[in-house]
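Reviewing the structure listed below.
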């Protein structure tokens, strides 16, 4: 037996209450030992972990990968490589591809491209309805069987509550998890940012919080009725956090995540019409941001990237005309670490919300435990990385960090024992 | 890129080089616009109304939204400054061809223009153009979405100043569709900066955004309360489509509640003036007796519009010129 | 360099102007000062002349030929002229004449107000360095300055002359 040996790293895994500086040994893709080298066998390679953190690989619950269909915005290879640079070992890809991920052929194509690229593993989210049009059920069972960890309708609406109910009922039959985005399109129609004083001053159409909370209320009642295994993607409002808590108190088993952008920025960022901050869900107020942070700290909320790469032209338009979305993968880790540095998130809460909790939601095993597959990221918290446009790995030119230099970079990413980054 | 509109429009030493919004401009600068406009009013009373100030300059009227009235006043203002003016009505053709705003800009830059007067349906469009256009082209915002219509607001300020002596200490009410009004937003900022004692907005909840008070005005739902002791009453134009979008039940009910009649005007001070950016929907926002009555200054507003636009164009071109001089060197003043 | 005494120069200039107007048989002249210094000088001349229209002022900001180099003067005041200058005999007054460009601009502006019968140019000081074929009809004093030197009139009470 020949071991991969990571020496003297600070191992952090909130799921097993692990936080100590020690050694870790890997063999045949799995963690062979933590602490002391198992008897027998030699060391194939030692990686110096001095001053670095070794954490379970990050798992993203929602990214817009541009393939198939949007090659001018990026490729699965370019975007999963960017994901690796922030420590992601797994990325759930949203089904709003072109063609839509509503057939096993598209699922296969995505899996093949991802496997060929060899960076983060892609876990496709299949479409809940055909063409994401919200009217007819997609072949959910087939999609699940083809490798979709869950199904989603991206942020596209369902025609009405009848369709939503049937979608849930059908998924529940085969215990297929569904990822849902709460957005009442009648209330959010025409809106391009949070409805509040900033929108009023800038003369931009707002999206009221009720567009999210009313849709969420409807979903919670239907989830309760149908018993579907559901996850709520990318909530943005304080009230949604409270509604989820209440639902859990009443016995509903439900998970949720928020996009990292909603933890970092508020609608204030839109001042000056910076189209990089045109995102869906919209950036909300400071009180919403605080409530989301509290929910992440208490372990109720996972963090997703909502990564959405765009070419330059997509954002070069007046605010409301720009395509929504932010290229998040390159800057995800340093941005998230800023929250820790500012004391807004604890380090364990961050790792739980980006790694172990989303892994559990996506149905994969992730953790620094002996016998577990070695999916991990080695992070140098002090290493600075420049985010000059030419240095971004994502092909998306819509990173909010363009031009900055930030602390916290990944030194290595391992998937099933192999160093992929 | 993408800095605050208030800063984008100023040179390093605080002079106007674009005119995008009244927000964030100093009282001195707004007063300078009004003073310069006053001087142009005097040249407008002569037989020869033209001055040679912008001779040899090219001004492009870039209207992505149709507005013959506003476009004509800018055209006349440019002509009276002796500039060459090109009217481009791209409301339909460009978008139909799938041309983006950036494409349009690139095409226009080949024309070596010195100033764009921009009207666009998107809030922030003029600001966007100011940030992406080649240096030394002045951008004048002729209305962007719901955001700003600063020349209209300044002509309203000039009207108030000429009829009431000053804006300082006055109570001003703006009535009607505040939600969709770029004019109202620009007026609120200008009035606040120029020292109005109180700025009030009056309208039904559907047309009065809840957080409008964060701009520094007071919101009222009833004319009786909102018009009390006002020095100036500004009526906004009501667009017909508001009835279709579940924002208002009918023109009749709107007129009953917010239409300016002699009875409602009596809540204001006896010498209050009545303004309207035009064109008026008689019997919807205002009754004819009031629109044509002794307190109405609506017609005067139109004639001030040209002077204000001349002032802003001259000042912005001057600011661009100064910035150019700082870059490429300057020579001595001549006596 | 000795600068001439302003008050004496102004008094002499008004006396010469009275004589000049009599010679030219101009009985209802219109005094027009160019802002700002020219207006101050015109005010002094008016003390003696007592014209019925008083002193009018001309702001040439909108007529300068150096707009493209210097932009707009931030304190534009505007011109104040009578309703009509048609067929009037205008006494155009400036403090210092140098290149002649200010006078060119002033005459252009006057013609946009109407067609005067005649224009007489009166200047307090002539410092040479002409760039245009323009000469004052009456001049208080002529000065020869060294290169780079300029004179500056401050006022209105008292009027003082300084070298810059």
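When the chains are written out, they are named A, B and C in that same order, and each has its own residue count from 1.
Operating definition for what follows: a contact is a pair of C-beta atoms (placed from the backbone, for glycine too) under 8 Å apart; a residue touches a chain by one contact, two chains touch by 3 or more.
According to UniProt, the chain labels map to these proteins: A = Dihydroorotase; B = Aspartate carbamoyltransferase.
Source: prediction; values computed, not measured.
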| query | Any idea which chain sits dead centre by C-alpha averages? | reply | B
| query | Can you name the chain that lies farthest from chain C, using the mean of each chain's Cα atoms as its centre? | reply | A
| Quick one: chain A and chain B, Cα centre-to-centre, how many Å? | 45
| task | Measure off the straight-line distance from the CA centroid of chain B to the CA centroid of chain C, and report it in whole Å. | result | 38
| remark: The distance between the C-alpha centres of chain A and chain C, rounded to whole Å, is 76
| query | Residues of chain B that touch two or more other chains: which are they? | reply | none
| Residues on chain B engaged by chain C in the complex (per definition of touch) | 15, 32, 35-36, 38-40, 42-43, 46-48, 50-54, 56, 314-315, 317-319, 321-322, 325, 330-331, 333-335
| Interface residues, chain A side, partner chain B - complex | 196-197, 200-205, 271-276, 313, 316-321
| field | Touching residues (chain side chain B, partner chain A) in the complex | value | 1-5, 23, 100-102, 120, 122-125, 127-128, 132, 144-148, 182, 185, 209, 211-212, 214-215
| request: Report the residues of chain C in contact with chain B in the complex, numbered from low to high. | output: 59, 61-63, 66-72, 74-80, 96-99, 101-102, 108-109, 111-114, 131, 150
